[in-house]
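Quick one: structure below, then a few questions.
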Amino acid sequence: MSGNSFGHLFRISTFGESHGPGVGTVIDGCPAGLHIDPELIQQELDRRRPGQSAHASPRQEADRLQILSGVFENKTTGSPIALFIANGDARPEDYAHLKDNWRPGHADMTYSLKYGHRDHRGGGRSSARETAARVMAGALAKQLLAHAGIEISAYVSSIGPHAMPTADDFYTREEVDASTVRCPHPATSEKMIHFLDELRTQGDTCGGIITCISNGVPAGLGNPVFHKLQADLAHAMLGINAAKGFESGDGFAAAGMLGSLFNDAIEATVDESGHPKFHTQTNHSGGIQGGISNGSPVVFRVAFRPVSTIMQDQQSVDSRGNAVNVEGKGRHDACVVPRAVPIVEAMCALVLADHLLLNRSARI
Amino acid sequence: MSGNSFGHLFRISTFGESHGPGVGTVIDGCPAGLHIDPELIQQELDRRRPGQSAHASPRQEADRLQILSGVFENKTTGSPIALFIANGDARPEDYAHLKDNWRPGHADMTYSLKYGHRDHRGGGRSSARETAARVMAGALAKQLLAHAGIEISAYVSSIGPHAMPTADDFYTREEVDASTVRCPHPATSEKMIHFLDELRTQGDTCGGIITCISNGVPAGLGNPVFHKLQADLAHAMLGINAAKGFESGDGFAAAGMLGSLFNDAIEATVDESGHPKFHTQTNHSGGIQGGISNGSPVVFRVAFRPVSTIMQDQQSVDSRGNAVNVEGKGRHDACVVPRAVPIVEAMCALVLADHLLLNRSARI
Amino acid sequence: MSGNSFGHLFRISTFGESHGPGVGTVIDGCPAGLHIDPELIQQELDRRRPGQSAHASPRQEADRLQILSGVFENKTTGSPIALFIANGDARPEDYAHLKDNWRPGHADMTYSLKYGHRDHRGGGRSSARETAARVMAGALAKQLLAHAGIEISAYVSSIGPHAMPTADDFYTREEVDASTVRCPHPATSEKMIHFLDELRTQGDTCGGIITCISNGVPAGLGNPVFHKLQADLAHAMLGINAAKGFESGDGFAAAGMLGSLFNDAIEATVDESGHPKFHTQTNHSGGIQGGISNGSPVVFRVAFRPVSTIMQDQQSVDSRGNAVNVEGKGRHDACVVPRAVPIVEAMCALVLADHLLLNRSARI
Amino acid sequence: MSGNSFGHLFRISTFGESHGPGVGTVIDGCPAGLHIDPELIQQELDRRRPGQSAHASPRQEADRLQILSGVFENKTTGSPIALFIANGDARPEDYAHLKDNWRPGHADMTYSLKYGHRDHRGGGRSSARETAARVMAGALAKQLLAHAGIEISAYVSSIGPHAMPTADDFYTREEVDASTVRCPHPATSEKMIHFLDELRTQGDTCGGIITCISNGVPAGLGNPVFHKLQADLAHAMLGINAAKGFESGDGFAAAGMLGSLFNDAIEATVDESGHPKFHTQTNHSGGIQGGISNGSPVVFRVAFRPVSTIMQDQQSVDSRGNAVNVEGKGRHDACVVPRAVPIVEAMCALVLADHLLLNRSARI
């Protein structure tokens, strides 16, 4: 079933735990002849890395990209591309007290009940470090998308109670990363930062929402039934740690709207060669109709729950059912959402790259 | 890629358009030896069928289930199970005016741009009739789940502006179907019915939200990374026509909560044989941690946009780019959400059945 | 896992037993816009049908093709294409004596041990009738291949001890079907027919070999590692009932050859536009190097064991382990190989169609 | 499509070229709780390694196994298991003369035509070194099989014109590896060695046949239609470099046999608890009926063509179509077949491990 693989034609398999030798990904299905810039992959790894700001975990990881295969003279060869980063700075003894104790909100209990035993060091496979493998793969997928004129931008549109007034515009990476919480609306960003500073003193955590917009997606990506473009995006997003919700276009708000208001009217212009170019006047649907992209920006949002590790004592149990007190210690983020921005972009890139290739077989 | 197939071990492929001979599904992977009650499948088809109430489309379809293969002496044989219902009462001439005109909100434009031509009669593959194939397959999956002690209940928790005060309880099918809008809270149901009556006179449509709760799901279903249980559920739900959002557990509300409040505390009781039984005191996580079920009810919600076909004129274009007026006529629901209840249950059943089988390989 | 599905992009799922309502196939992934001639599918079904000659089973089946979905105005729409033929003339009472007795060489024992119970009527899913679903799907795949200039020809090159002197030429269907045993070498054909006549009087059966040649396969189909073109062909062929061996190019004979003799020398000619066209002087490799087609004809052979049902008494057991005598009765072929010709062609067509689509993603 | 991945539940993805950093494999789907002995994996790598005898290539590779993930305290955790060996002793300059010249029998031409450019150093992905990744994965699969009582043995039954008198017995690894050509029949082994010595002086190469026998395979593995056990084995075997043929049980010889002789009679004995145990008196079918294992040893043979690189000049072309002379130089085996023994075993182990897990879902 390959629960650690994702995609159909542009398919990745990831591996690695936070406290083993490293994490990596194998990309099977990238077309040959794509020029690869390793620096662009490294940049995305750096964006994901903790320790970039006061709001994030202080653990230091070098995260130097190694390309193990599939690229020759800076071009993809059609062979699988393996990307790897070594782990460093691992302190498994930090987790010794968690060997038998199950932390609330974490995967400790469910892993133990499913698999019978678990790698308790740093969460094993449930560690946020696993997402580095996605980011590497996604950064490569972005280079395939860029070749097709597709660009993705994600940003934090809400943290705890603080939300951007509107969040349906495309922002450049510079605009997004100018804020330490990756919110491109300066006033809201400031409130978020202040809010997180307070949370940290309380030893508490919070969640937030990320908005993601893809420009340049051609009409025709996606499928009519089970593999609707929004279905594959939802699949990708809910597979990210701590994600609890997904909405495409107007999403949950659409449930309260009338059809006469929601429908996006279609219009056409004529290009210089006399062919009609179609577009919608509004974008309530988020760029997708009937599961297939319509040429408008593809817009969705992802909700993240609060980080599970809090700096407070919590009541729980150990693996034998005894009540235990789980102490709040270790190195952890007060809010995971800003670091999740490159992960959301990466997973979006993987879905779009896959559908870009799948769409090559749509017509005779 | 098989965009019309769903699942891994319990895998279905569906086929059929609204105006061809019929719709069907092939289930490949149902274990042998399962007793099948065809009547239970027929009941689900009847629940999905339009024309059950004033709120739904008046088109009459007999929808008599035919089992074409895979069941012998009322038991599954391990061979693929093909289920089929013939179409009747099709009036393709109702759609002749839509051959070249693209309706706002529909898949007309995106199908045309993707495939080059399309079956314009009744929406072809984008027709709601396609969902009958899912309902048949899901009804069979439910019989596999029942054998494992798992029961699914979905209901309408919100239509337009009217929402149930709380929606985290499990209701019986009788309680749900007692309401023509499938809302088990009588006072809210009444408001919804009144609201839809008004909408109909205006020729308008609306959306809504369905809550789905699965009881009896054992701990251990799901996977840690890309195939988290909630990811596969989100994939399934966003693949339903008109679905625009998905949330697991507290979902989008969790984005505004603090970790100290969101975390579900774990406790244990000891069963008669002395083994610990684990459960969470609250269920903010919706029964899933780290992508794996924890033994609590699995809870999610799905948001649906308004029905696209409204009984009002709309501005649009034809396939050559000419502006056209799309008239509001045909036979359509004012609100699709009550009829989507069995579809949500069916897709949920397919995901759980698949993970039930996948989990058989979790341990040595 | 979908053991009844085949292919990746051009993917089929088959269903049906010999004594149920019928057999069918769902093709998911055929590109839109392909003109379909149903008559060409019917012709292939007719070629597969028993009762065409004295050498084959006298059971009569109408096998009228029904297209249930996916084709509109004679063109594929991109939706799944369901093809179906009803069963007729089924006499399950012919098999009543086999309910508990396990016939040597048949799947009775293995089905029973795997699934716990089985549909004993006519072999259930192990019936040769299942192959009709492959033939339908393959006949549609051939129309996709014809559009790309690819043509497939299979024929019987050996039956029992009688083999064609050489068997590496392409024959037209007319040449092949001119022989009732589908051997295009008249002298050998005559010997085969005489041999089968004798076998029939003895109540015995035999096997044979089919040669399959595909012309017009462009260079580039296939993959370097697990999905080598010959690997997928071998997979397809060994999945046919009674197939016991597969060889690509010189096959087993190559094991006894020297490299200096086996290697196919490469030469190039220049086409009118000045581009080099490459080809090999010989074709020991069967048109494939490194798992990828090289532009030469793709050549392979498939060995079939004798038909298991013989008109002689055999010692066996029943499901409780008691010794029983299995009588030789029923309606069966003395040699399955001539009827397997369209099945080999169909499976070859499915593999090539899949790789034709997969190859669209080979390069940027 | 993931052409570098293999299997369904026990699924591997391999990567790496002969002249990059190394080769590796990711195993996704190994059940948790399996005790892993890394030494057993290393032993298989050592068996595959060139330079073990005078008959094999003198290139020295350390091939030290690194386990990058998925094993904790010597047990599998249910997470993906990444295995890696670094490349050493690579001399890409040995291949500089091949940059534009296409060697007969090699994948140079087909890779170039498919992908547009290629990694010409040592054959890139078509290098025999790729098979090390399979051997690692297979060695792990063998540990899963051993846990289920399944044991695999392969050996060289034929090289060039020299074949073992009979080759249907199971030999221990010690018996097989006692011969430098891995032929457990001493007299034949001696002839093979002498034959290869002569070939080497001529600068020529040859092929051969490997027999593989699996003991302890329980009845019930495999599927009735496309994923017959022999079909998946054929797929696995023809995916090995230089493999040209596959036969299950009596294989091609069965094509010349009569049904009355081929059919394996079934008998039953009663075990101590009174349950019948079934077995066949003969094993013409190679342990498989109707695609499903019957409890007898699973027997198949694989034919390999001669090694393509010969120490003789050959006429060929370059990528622009100019005639060139390809000189015979480099480090290469005169016969690849003895080194292919662990590869055949590995691929067989992967198929059986996959079907062992798939079979867990066969019944309710």
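By written order: A, B, C and D. Residues from 1 in each chain.
Basically, a contact is a pair of C-beta atoms (placed from the backbone, for glycine too) under 8 Å apart; a residue touches a chain by one contact, two chains touch by 3 or more.
Every value quoted in this text rests on a predicted model; they were computed, and no experiment measured them.
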item: Contact-richer chain pair (by C-beta pairs counted) among A-B and A-D; value: A-B
item: Label of the chain whose CA centroid is most distant from the centroid of chain A; value: C
item: Geometric centre distance via CA averages, chain D-chain A, whole Å; value: 39
item: Centre distance in Å when chain A and chain C are each reduced to the mean of their C-alpha atoms; value: 45
item: Computed distance of Cα centres, chain B from chain A, in Å; value: 26
item: In chain B, residues with contacts to at least two other chains; value: 1, 3-5, 8-9, 14, 29, 32-33, 78-79, 111, 114-116, 125, 224, 358, 361-363
item: Of chain C, residues touching chain D in the complex; value: 1, 3-6, 8-9, 14, 102, 104-107, 109-111, 113-116, 125-126, 130, 158, 160-161, 199, 204-209, 219-220, 222-228, 230-239, 241, 243-252, 254-270, 276-278, 280, 284-286, 288-295, 303-310, 312, 314-317, 320-323, 358-359, 361-363
item: Interfacial residue positions of chain C with respect to chain A in the complex; value: 9, 29, 31-34, 76, 78-79, 144, 147, 224, 357-358, 360-364
item: Chain C-facing residues of chain B, complex; value: 1-5, 8-9, 11, 13-17, 20-24, 26, 28-29, 32-33, 66, 68-70, 72-73, 75, 77-82, 84, 111, 114-119, 124-125
